[in-house]
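Here chain A shows up in two complexes: once beside chain B, once beside chain C.
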Partner chain A sequence: MRRRAAGRLIAVVAEATQYIQRHQNNSTIPDRAMKLTSRYSVLFTAATALVALVGCEQAPAPRFHLNPVVMVSNEISPEYQQEVANVLAAMFGTPDAPYALPESGLNQQRLTLAAGAAWSDKQGVDRGLYRKHCVHCHGINGDGRGPTARFLNPYPRDYRQGVFKFKTTFNPAKPTDADLRRVLNNGVPGTSMPSFSLLTESEVDALLEYVKYLSIRGEMETKLAQYVYDELGEAEKEDENGNPVLDEDGNPVMERPPFDPATNPEQGEVVKEILTEVMAPWQEASDQVIVPAEDGIPEDNRTPEEIGESVAKGRELFYGTKANCFTCHGPTGLGDGQQNDYDIWSKEQKAFQDATAQLQESIVSQQKEIARLGREGKETDEEEAKLAADEATLALRQPVAHSFYPIRNAIPRNLRKGVYRGGRRRLDLYCRVSAGIAGTPMPGVGAAAPGAQGTLSDEEIWNVVDYVLNLPYEPASNPQPALPWNSDQIAN
Partner chain B sequence: MSSNAFRRMCTVFALGAAVAVSSTAAAAEWGTVKGKFVFKGDVKPEKIVPNKDTEYCSKHELVDESVVVGDGGELANVFVYLNPGRGKKLEVHPDVKPADKPLVLDNHGCRFEPHAMTVWTADKFEIRNSDEGIGHNTNASMLFANPKFNEQVTNGAPILKQFTKSESYPSKVACNVHPWMNAYVLIRDNPYMAVSAADGTFEIKNVPAGKHDFAFWHEAKGNLKDLKVGKDKADRKGQLAIDVPAGKTVDLGVIEITPALLGK
Partner chain C sequence: MPSASTPLPSRWPHRWAWALACATFPLVWWGGFVTATGSGMAFKDWLTSDGVFMPIYPWLSSTGDKFIEHGHRLLGMLAGMLTIALVVSLYLGEPRRWVRRYGVALLIGVIAQGVLGGMRVVLDERLLALIHGCTGPLFFAAAAGMIPVTSRRWLAESTPADESSPSATTSMATPKLLRLAILTAVLAYLQLVVGAVVRHSPLMLTEGAPRIFQIAVYFHLLLAAAVTFHVLLLAHKCFWGRVCRTPALSLALLIGLQLLLGVSTWMMKYGFPQWAARFVGETGHFNRADDLASAVIVTAHGAVGSLIVALAVVVALRVGRQIGFPHPASRPSSVRIAGVLA
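Let's look at the complex of A and B:
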């Protein structure tokens, strides 16, 4: 017991020393670092004394976890998972010490301010902002699975697909910094995402940088897993001439090429390429901003008649098949149209669950088939090998499939409430209608890319915006309860 | 520079030239790969009862198209495509040209026509809505390498797209208004791909002679892992190395697909 406590003491002291050294290295003001050092040595002496007395375990440093859906659906073996994690750690660091890879264009200073444990320095500067403000919903991985997430509706965003809904860019484009900043400052009305407008500008900037960091890291993880699946994996060993190498019994020799870009220059190139692929859309985001034609923007000083005319046109479009808003938002705009669809985050999980259920069914029918063949006295070796492989896959998939929160449908917005998640400025609504909402069933009706032709003209989109803004005040001619028919699923 | 180093450099150049010559010589020769898929099991295509635009869509006798089988078990919509490996380009036969007109994916009769198709990045791709007075959207948010999109398509105003990158697998395209509607589009930066027709057959012409990996994919399962093709077996990625001799046609014969292969 005593020896264990002593071991812990040594570990804690070592960690404290490292911590202090890190701070000394990072700090630009040496005397401040000295103060920190003395303050921390006192603190850590106290802490170590406490550990020696009470013997409590120190909480392990938080670390990033691999995305189980990506790993299991790409059939990444435990060895490769470890290697992917190593590569990600080398590129992005840890939640306590994130690394802004120069190629990623991320800002190290902002990341450092946002990352790590939440504390305030002597000057009152808050550190560890992500863990202070965001982690309990968005999770340490940015997977939207923090401890509070389960109880929220809608669930917090999973950043790892790199898709964001409320932005001023074209549908497939990334959000700009200004877009992310707007969401942080305003929150997302109608959801649990609050406004962080009380934070300083530099704190908000640090957080938006960290959100980008988690997204880029998540996208990188998915693409690396796909690369490992596509290009690596256990394979038959081949000699220089491309012929299979056989063992003494004439069976092909298998080999597993490790995923280690640090020692394999070819893999190093691939990882760089993938990073470029992931980064390019982030870097191009500011070229992808939707700019409504100057002459099409409605005047501020329109007469009630002019507004009424525009609302009437918008109404016609809303209930017509050209804009087709009513099919989802419902015949009275209550959001009671198409309600059994999913957004991409739910779809990813649903597809995973469905495939798992299908595999389970297939296993049952394979067992029956093997029994039948057995009764007929036929060979079943091959069938049994496949069954065993499928059972092993199922064993990997089931715990992941069961780990999801209840999957919810994407319910179209009830437009009579006057609550707009992406902001209530006319420009916000224009962007939602024109580009659609990325990741959701909501399609765009405007140009899909700079210079492209949209289904609706600029003027028509402004008409729809006018009508949508007018909808909460329009008497419902045939009032209906706003309850969606699948409310039981929502209640879950 | 020492004379030794110079000589070494010359050798490297000479080698490079030799490799270049041999590769053009090899690529000037072409072969064909063909075959036929037959499903060894029963499929009863489930009827679809439309819950949107019911009056119009009900007229079209819609069925689930995830496994489309002919009377003799002929399996349609199996994708077969050459996979040269990451970042490797293939030469294209001089006669193989992109289509003059865009390849069309039509929203027609409350389904996508065709249900499965291939698009070479040199081709143009057009999405239409031929259902008069019916609103459709085309949601391609499952694209991986190319920009995702989700757009409203209206009558008489097709959407034109041009892709630039190869997707590793066929991508699902859906209409959110009519949740039963989906199609699969394979986008590649080479023309060496095919979808099996209603009679289960496929043919890929003008393949550069040599040994290539071919991928086999079906929407019900994805990669056709362990697919048996003649005496050979596809690997865990549903890929098989096939030797394509110059001027010859490799007939893979009848390729049997068991229900277990499609996860049934």
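Let's look at the complex of A and C:
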């Protein structure tokens, strides 16, 4: 249909070109020049139309891609990868048609609103919100590798680990809907993550549902890959009595048990269990909210003296070894302490790259070893088989390792600027200090779980919050009560 | 080819040409605005808007993306009608055949551009949006070029025998200057195309999109330097050579504005660039999606880009005219052409 239209278009254009050529005799220079341009404008139009049609033919429907790091590091074979992809597609659908499993508790209506191509229906309801607002940074898979990601610092969030930084829950817990809504409404100031406060409430709800969906899907993918790695794989075929089946030459027959929960009830159960495991923390998030003790919350009408006293206490704690803030945020709060750590997203990639580099080194030494054995006239069959296997693994790992964007350190915040990415309310800072910032090196000094005992008491945390809020106004040359352990390193 | 004795052509083509250019510039703006606000797919149909034939769609009572997108469609129709009027007036009162043909080319262009925009909607294809965004400014530049061509001044300059006329004695237009003007126009247009790629490729969902975006960004920066250099050089030469000073000076001012807008556009979309963050440190700066101010800035960057191309085209045409491009008798044409293209 489209092809026929293209054919007709080309015919019309050709005719027009011929017409212009036919009427091109006895002309002067500008005449000819103008004709030339008019001819080229026709040709240009034709070329445009052609390129456009080619483009249409080639753009396939967007689909989710498997996480290469997870697949390669779990050594999932192509057959199993396809099966994992099938299982994920059956459970979660596609970017155009997401499916909310009833067990997942996700809201199908919201997902449908957020997914698919961006357009607006006759009632003026915007659809395809994720692809309109988020995909260029967070990517179609929610892997934080949208086209613009390379140029952004910090990189956009990879949702697939299910870890979020700015939330009111305990460190390992998931964010609540309200937390995600706050991030969407406020953006993350100081980063490229914009505020979506101009979107309607239902649009924001749809988007946060979709973030959760991508997150759950990503966690599920990792867990399924681990399951396949642990439980499935090519094995020797066994008969009913558990004895290995042998072929004519007496070698064991190998078989690959397929990963297909739809036909294998046992696997079906396992997949259900994994889903419950992934879902549980999301469903329990609202029980994991940090609630500062009522009586510990500082009053709004404190006198300057009271505040000053609290700030002084907080200062002591900040530079003390109990809270240890200065080791990272530096002796002056400039964020110039320990700067060589990584967040979990970088750590995963760094570990992958390091392992790949190691494998490469080991291959080189194996090659040397084989050469040595060969010179000594010894058998090298076993070594060569291992080398071939390692080389095959390396060939799989290297393209993945090269596809990462430059890995960056997690730099502690410069607290003298008064910029707080997770919000500037005192309660926001309380949650940051108490729970730390999940996924980053920043540890929490409050309770790690409901009812637990933290390193600092509630009151002490409020003191630290007061001090942090006061830091931008404190002269940087104020003498420090304790010298940081690495002050000599910083000086150099 | 009109000689000095040809009666003066009608003034109407010139007026229509102005009207067309004046309608096309907002059209380019509005088109950019459609992209900036993500309104391109406000309707899934074309030639109709939500099933209503375009001219009778209740535009003024629509809101949000539908208002923006339908406004663009209506403005596009207006540009189409003005082009028709221009062509009609050319065929009624313009003796130069090549100018009439120029008009017809414009008409073909405006129709093609409309169809392209329609296909972008019907097929919901980013690539078509990108191409539509590149050909729009091309049409604008071509429409703007019609203004000097149909002007009285153009005809007045066609009397090379009159050596005493001020333009002939003071003008320093040379083939070299023409070459510079053409080069500037081409570079500025190339920059526009690359800019369109920078703008649209993030929303493409193909595997190669990140690569395309990254390359386009670097290329866009490189070309920004090249275009700035050429525009300033052109303005300098035109100013001291007393050749179409007004457009040349406007170009110089616009390029400054354009650089500012470019930096702002990046900030409005992605915050401080990575390298700048090192100097400014932590900032509480954050963007607001769908914010009107940022949409206007982003759009202005594209629109000013088209204006730069259009002005460069106008300068090129007028310089070409002043060195006697349409007077093959004065010098062997092949020499001149070689001089221009060398």
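Worth a mention:
Operating definition for what follows: the second predicted complex is superposed on the first by the 420 of 492 C-alpha atoms of A that agree within 3 Å, B and C clash if a C-alpha of one lies under 4 Å from a C-alpha of the other, contacts with A are read in each partner's own complex, and residues count from 1 in each chain.
FYI, a residue touches a chain if its C-beta (ideal position, glycine included) is under 8 Å from a C-beta of that chain, and two chains touch if they have at least 3 such contacts.
None of these values were measured; they are calculated from a predicted model.
Judged by the touch definition given at the top, the superposed model places A:Arg131 against chain C, while chain B stays out of reach. Residue contacts after overlaying the shared chain place A:Phe196 against chain C, while chain B stays out of touching range. By the touch criterion defined above, A:Ala85 lies against neither chain B nor chain C after alignment on the C-alpha atoms of chain A. Touch criterion not met for A:Leu232: it reaches neither chain B nor chain C. By the touch criterion stated above, A:Leu394 is placed in contact with neither chain B nor chain C.
By the touch criterion stated above, A:Arg150 is placed in contact with chain C alone, chain B being left untouched.
Between chain B and chain C, it is C that contacts the larger number of residues in chain A. By the document's definition of touching, neither partner reaches A:Leu373: not chain B, not chain C. Taken together, the two structures place no residue of chain A in contact with chain B in one case and with chain C in the other.
Contacts from chain A toward chain B in the complex involve residues 75, 171-173, 226-227, 229-231, 233, 235, 242, 270, 273, 277, 281, 320-324, 327-328, 338, 340-341, 344, 355, 358-359, 362, 365-366, 369, 383, 386, 436, 438-439, 441-445, 448-449, 453, 455-456.
Interface of chain B with chain A (complex): residues 52-53, 85-87, 133-139, 141, 144-145, 147-155, 157, 159, 168, 176-177, 179, 211, 226, 235-237, 259-260, 263-264.
Chain A contributes residues 16, 20, 27-31, 33-35, 37-38, 41-42, 45, 48-49, 51-52, 55-56, 59, 62, 117-120, 122, 124, 126, 128, 131-133, 135-136, 140, 145-153, 186-199, 413-414, 417-419 to its touches with chain C in the complex. Note for the complex: chain C touches chain A at residues 1, 38, 41-42, 44, 50-51, 62-66, 97-99, 101-102, 104-105, 108-109, 112, 116, 119, 123-128, 131, 135, 142, 201-206, 209-210, 212-214, 217, 269-271, 273-274, 277, 281-291, 325-326, 328, 333, 337.
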